[in-house]
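Two complexes, one shared chain (chain A), two partners (chain B, chain C).
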Partner chain A sequence: MRIFINECKKALTSPILITLLIVFSAFNIFIIVSSSDHKEELKIVNEIIDKYGREITDDSLKQFEKDIQSDLLGLTEITGKQFESIYDFLDGLRFEEQEQYSDRDWEFFNSLQLKEMYFGMANSIDASYAEIDVQDGARGDLKGYGISGKAAETYLRENEEFAERFNEMVDNEEHKEWFFAGKPYFMHSFLFKTVFLHITIESLLLIVLMTALITTYEFENRTQLLTYSTHRGRKLMKDKLAASLAVSTVISLFLFTITLGTYFFLFDYSHVWKTSISSAFNWENPFPYVTWWDLSVGEFLVAVVVLVFIIQLLFSGLTFALAVIVKNSYTTFFLVAALFILAWLLPTFMPKSSNLFIVTSYTLSTLTMAVSQSFMGSSGLILFKNFEWMTISCWTIITIVFCTITYKRFRKMDIQ
Partner chain B sequence: MIVVKDVSKQYGDFTALQNVDLEFGNGLYGLLAPNGAGKTTLIKMLATLISPTKGEIFYNGKNINDMDDQYRERLGYLPQQFGYYKNYSPKQYLLYLAALKGIGKKEALNKIDELLEKVALSDVVNKKMKKFSGGMIQRVGIAQALLNDPEILILDEPTAGLDPKERARFRHLLTDLARDRLVIISTHIVSDIESIANEIIMIRNKQLLYKDSVADICATLNGCVFETTIDYGQLEDFRKNNILLSEKQEYGQMTVRFIHKGNSEDEWTSVPPQLEDVFLYEYRDELEGEN
Partner chain C sequence: MRVLWNELKKILTWKMLILLIFINSVLYFLLIEFDIKHFPNGSHSYSYEMGIEMIEKYGTTMDDDEFIDFKRTYAHQVEDATQYLQSREEFVEEGLDTYEKFLAYDWWNASEEIYALRSNVFFEEKVELFWELQERERLLKFYEMKDVVPDVLSKKKKQRLEELIAQEKFGIYPEVVMMNFKTFIANVGIAILFSVVLVISPAILKDRSRQLVAIQYTTKKGRNLFKTKILAGIIATFIVITALLAVYFSLYSLNNTSMYFDVRVNTFIANESWFDPTFFQFILLCIAGIYIIGLVLGLLSMAFSTLVPNMVSLIGIQIPFVVGFLIIGLYPLLPEMISIWHPKWLSMISYCAMIIIVIIFTAILWKREKKLDIL
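== the complex of A and B ==
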């Protein structure tokens, strides 16, 4: 245990780690705060859920409509004119008239506008989903990406299955639950693409650096002759692997806590945790976000955090294996970075008519870069239901094998 | 007892050691050879850092690589280049090494205090080692080698960086230690081991040259070592005909110590051979190459 703690200390007391952790945390907080100007508007969703429930039903919509009509009467009281919609009032409002109204009036106008927007969106869900043809979309994708042959067959087959899931989702009305409007606010993209990608890339940088530092520490400080000739000997590498994984966990936890803590402090998700992530409101792109399984926002968040965490541990393991061979932390770092990019670009080197085009996208790099699309059937070329667990399983095996081979090699190699 | 049996080490086409057979019991052994002769290769094999390409090394009849940690727990080793963590104090560093050597923290703390006092570093126990002189670092190295009270103590060039006073104290310490354990000191400085080693091991051309007591090794040059005084102008001719061991300028003349095998001249004084004489004689080609 003392050896393990000592190995951890080598990384945790490293000035590079401490400095970068502070810089990255500050950067993440800045990104979130500077994108939080609409945070007050989001609270309307919590109010709606509070009043009408999380699920969108005909009854709750009727009640919602009644309340909007009542608010429109309030609008008439303030303005002295009758409007059928807040938009009619706002469209006709002249610049010089704006100052006639108090801040409280404007608060009321804004709230009513948001309510009308959400009501309008809720009303159009059925019509919008009726227009969606999954298979047609898939054929469009194939044409767009120039995919043919076996790859196209595999893609279409998976899309057939996804079409079934889509219809099941519509029948279950998983999508009829309140969530922050996707197109005006892009909250899913902001959280799972921007914020998560920042956390993931930053932690990966630190994890790769620290794993390489711990693993090569003796060689870089020229203490290898001493440490590997002690009673613990070359088994010290096992402690170094354990310490690397532990330090990776600490780094991830720190960045996740600081960044997500700031995010959820500013953006109130208190009422939407149980909303389905496939909610019709969570629709930012031409195709709405639809997961393979019925996952709530909270479950999706936990699943993605766990997924990212596993990816980072696997990267730590792979870095360890590479560092045992390379014995230089900076060379290891740049090699891992190069391999990450190479793995990400790998499908582009494959013939687009072959299944290799699909298989080579099952890499940790692709999984990392597409984390916002995890567990989704609406994720384009990586829509495959088995994409996450298959990629993780394969790379776990690869990592274990790679670590075992390099460790066994290290046990026998000459230490100069 | 350590037995080195027919050990060779090759790096590609380069042979570092060839067919070396040795036996070590308790006592102090001096491994004496010029730089690059293969001392460090042998020492690293004894420390299980490198494996022989051919042959085996046994400790009490068991292969040391098979014994693994059971062998290394008996080992204290000071490498030629003693690496250390610059931002650690001797106490922190020795505590870390004690953990690697499987010594409990409480036991280690007592041992560290004792050893740092023994190597005269008790007043800098908590100072960062980056501020230490070469001699101080070397003393930390000696202390760490003794942490686990080893049965086998292997020291590679242990006196590098030590001043004469420290060297004397170190020799005294080694004499004490060698009473009940196996101590191997690798060095190219004859005076470090001449007076204290039970046996000297010399390696030449990657092979074992001598493994014997100082007296027996010196006896190989009995009657061949002389001293005489010559004019400075005669020195070049003298060098051509004899193997010069040392030369000293005195009162405008040269006093030379040399080896001559064959008939001696009257003005030459036969002197008892020293270990240094054997060293300079046996390694004359290598030493000339170095110069």
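== the complex of A and C ==
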């Protein structure tokens, strides 16, 4: 145990780790704060959920419409004219007239405008979802990416299954729940793409560095002849692996807490935790986000955090194995970085007509980079239902095998 | 001299070179391949061909007479297009029997069948004439707007634009080549920057972590060895940059842009600049920029290398600097260095400042090294 703690100390007390953790946290906070201009506008969703419930039903929409009508009467009181919609008023507004109204009036106008926007979107859900044809979109994808042969067959087969899930989702009305409007605010990609990618890549950098530091420490400080001839001997590598995993956990916990803490402090999600992630409002790209399972926003967040966490531990393990072979932290770092990119690019080297094209996308790099679309059937070429658990379990096996082989090899190796 | 040679050999080891090649091939596929393999990309090939035709016919500048000729060619092609449309019954039936009608047709609200006809011409039959006509119309539009100075600009920018108009240097040559080169050079810059940092960083730390310094400083050459190490680092940086530039530019030559070399940067569309080099001179400017950036970062790496205790800290401390430079500095200093969208002397001053800071930094380190206690 004492050895384990001392191994951890090697990484945790290194000034560079502490400096970089501070720099990265500051950077993440800056990114989040600098794109939080619209955080007040988002609160209207909480109001709507408070008033009309989380689910969008015909009754609640009628109630919502009535309230908007009465708000429009209020608009008539302020302006002295009658309008069909706030947009008619705003479009007709001349620059000079803007100053006639007080700040409170403007607050009212803005909230009415938002309400009308959300109402309009909620009203058009059925029509927009009726237009979606999953199979047709899949064929379009195949043409766009130039995929043919076996790969195309596999892709279409999976899409068939996804089409079923899509219909089931529409029947369940999972999509009829209030969430922040996707197209104006892009809250899903901001949280799960921008913020998460920052956290993931930063912690990966630190994890790879610290794992390499711990693993190659004896060789770089020329203490290997001493340490590996002690009673503990080469089993020390086991402690080093355990210490690397522990340090990785600490690093990602720290970055996750600070960054997500800031995020949820600024953006109020309190009312939307239970909204389905497949909500019609969570629609940013040509295709809405639709998950394979009925996940709420909270569940999705937890699932993604767990996913990222496992990925990071696996990377720590892989780095450990590589560092045992290379015995040089500098080379290890650059090799891991290059291999990460290489694994990400792997599908592009494959023929687009064979299933290899699809199989080679089952890598940790692809999973990391596409984390915002995990568990989803709307994620293009990696829509496969088994993508996440298959990738994770395959790579867990690979990591364990790789670590075992290098450890066994290390036990018999000559050390100079 | 022999010491310098040996120091150089210590930096450019076989292992390091293999790692360098591996990393560069990964970066090539990630960043650079697209701009080489897919150039000109899709409909851009018509702009590319059109530009070559313009240069061959009118030279590297176009006056009004030449533009009248350009319009005449356009009119000829319009006639050809009309003939083509009349030769196709489907179009005549829909009343689209001249190119003018084809052009004026409200395609946004067209029925599906009529829209299919248009797609047929552009995408299935790929009638080159129609693509070329589109490109000519685009160029003509730019020609018509050549005297317009946007109101929103600052005074100096407006002044520069007016100056360019007075000199009859307007952006009328297709910009695909320029855009392609700009993304290419920025990505090459990234690849070279990483390579330099990769190769140079361990230079000085390596001796220290092997505890060689104590022995080295008791030789006759003594602490002057530090200067030799720095010099070896500079030479190695130079070699790495030159080798990589040679490789990347021989790949770039596959893009076949030499016809554009004599065109001045201000005569490319939407490419107003403070200075007016030709395209070839601009390429040379970018190469010079890469050398300066590379040498500055190489020296910075050596500086960190003398300060940090181990390899991991060496990488860690450089991450914020390199990434920060890529985010803030790379574009304004490399592809956009003479662009009108940045202040006129910004790139020049930044380059000078970077050089001066790095030189002062190295000098301080040398002073420190001279007085340092050897333990």
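One rule holds in what follows: the second predicted complex is superposed on the first by the 416 of 416 C-alpha atoms of A that agree within 3 Å, B and C clash if a C-alpha of one lies under 4 Å from a C-alpha of the other, contacts with A are read in each partner's own complex, and residues count from 1 in each chain.
Just so we're on the same page, a residue touches a chain if its C-beta (ideal position, glycine included) is under 8 Å from a C-beta of that chain, and two chains touch if they have at least 3 such contacts.
Note that this is a predicted model, so its numbers are computed, not measured.
Asker: Here chain A is shared; do chain B and chain C fit on it together or clash?
Answerer: With chain A as the common anchor, chain B and chain C both fit in the superposed model.
Asker: In the overlaid three-chain picture, which partner chain does A:228 touch, first (chain B) or second (chain C), both, or neither?
Answerer: In the superposed model, A:228 contacts chain B only, not chain C.
Asker: Touch test for A:236: chain B only (first), chain C only (second), both, or neither?
Answerer: In the superposition, A:236 touches chain B alone.
Asker: Comparing chain B against chain C, which has contacts with more of the residues in chain A?
Answerer: C
Asker: Between chain B and chain C, whom does A:167 touch in the aligned arrangement: first, second, both, or neither?
Answerer: A:167 contacts neither chain B nor chain C.
Asker: Looking at the overlay, what does A:415 touch: chain B (first), chain C (second), both, or neither?
Answerer: first
Asker: Can A:70 be said to touch chain B (first), chain C (second), both, or neither?
Answerer: Touch partners of A:70: none, neither chain B nor chain C.
Asker: Between the centres of chain B and chain C, viewed from chain A's Cα centre, what angle do you get? Round it to the nearest 10 degrees, please.
Answerer: 80
Asker: For A:6, is the partner it touches chain B (first), chain C (second), both, or none of the two (neither)?
Answerer: first
Asker: If you stack the two complexes on chain A, which partner ends up touching A:393: first (chain B), second (chain C), both, or neither?
Answerer: It touches nothing on chain B or chain C.
Asker: Could you state the shortest Cα distance, in Å, between chain B and chain C after the structures are superposed?
Answerer: Value for chain B versus chain C, nearest C-alpha atoms: 6 Å.
Asker: Under the contact rule defined above, give the chain A residues that sit at the interface with chain B and also at the interface with chain C.
Answerer: Chain A residues touching both partners: 221-222.
Asker: Which bits of chain C are touching chain A when the two form their complex?
Answerer: Contact set of chain C toward chain A: 15, 19, 22-23, 26-27, 29-30, 198, 201-202, 209-211, 308, 310-317, 319-320.
Asker: For the complex, which residues does chain B have touching chain A?
Answerer: These residues of chain B touch chain A: 44, 47-51, 68-69, 72-73, 75, 77, 79, 81-86, 96-97, 99-102, 105, 144, 148.
Asker: Where on chain A is chain B touching in the complex?
Answerer: Within the complex, chain A touches chain B at residues 2-3, 6, 218, 221-233, 235-236, 412, 414-416.
Asker: In the complex of these two chains, what residues of chain A are touching chain C?
Answerer: 14-17, 19-20, 23, 205-206, 209-210, 212-213, 220-222, 328-331, 333-335, 337-338, 341-342, 345, 348
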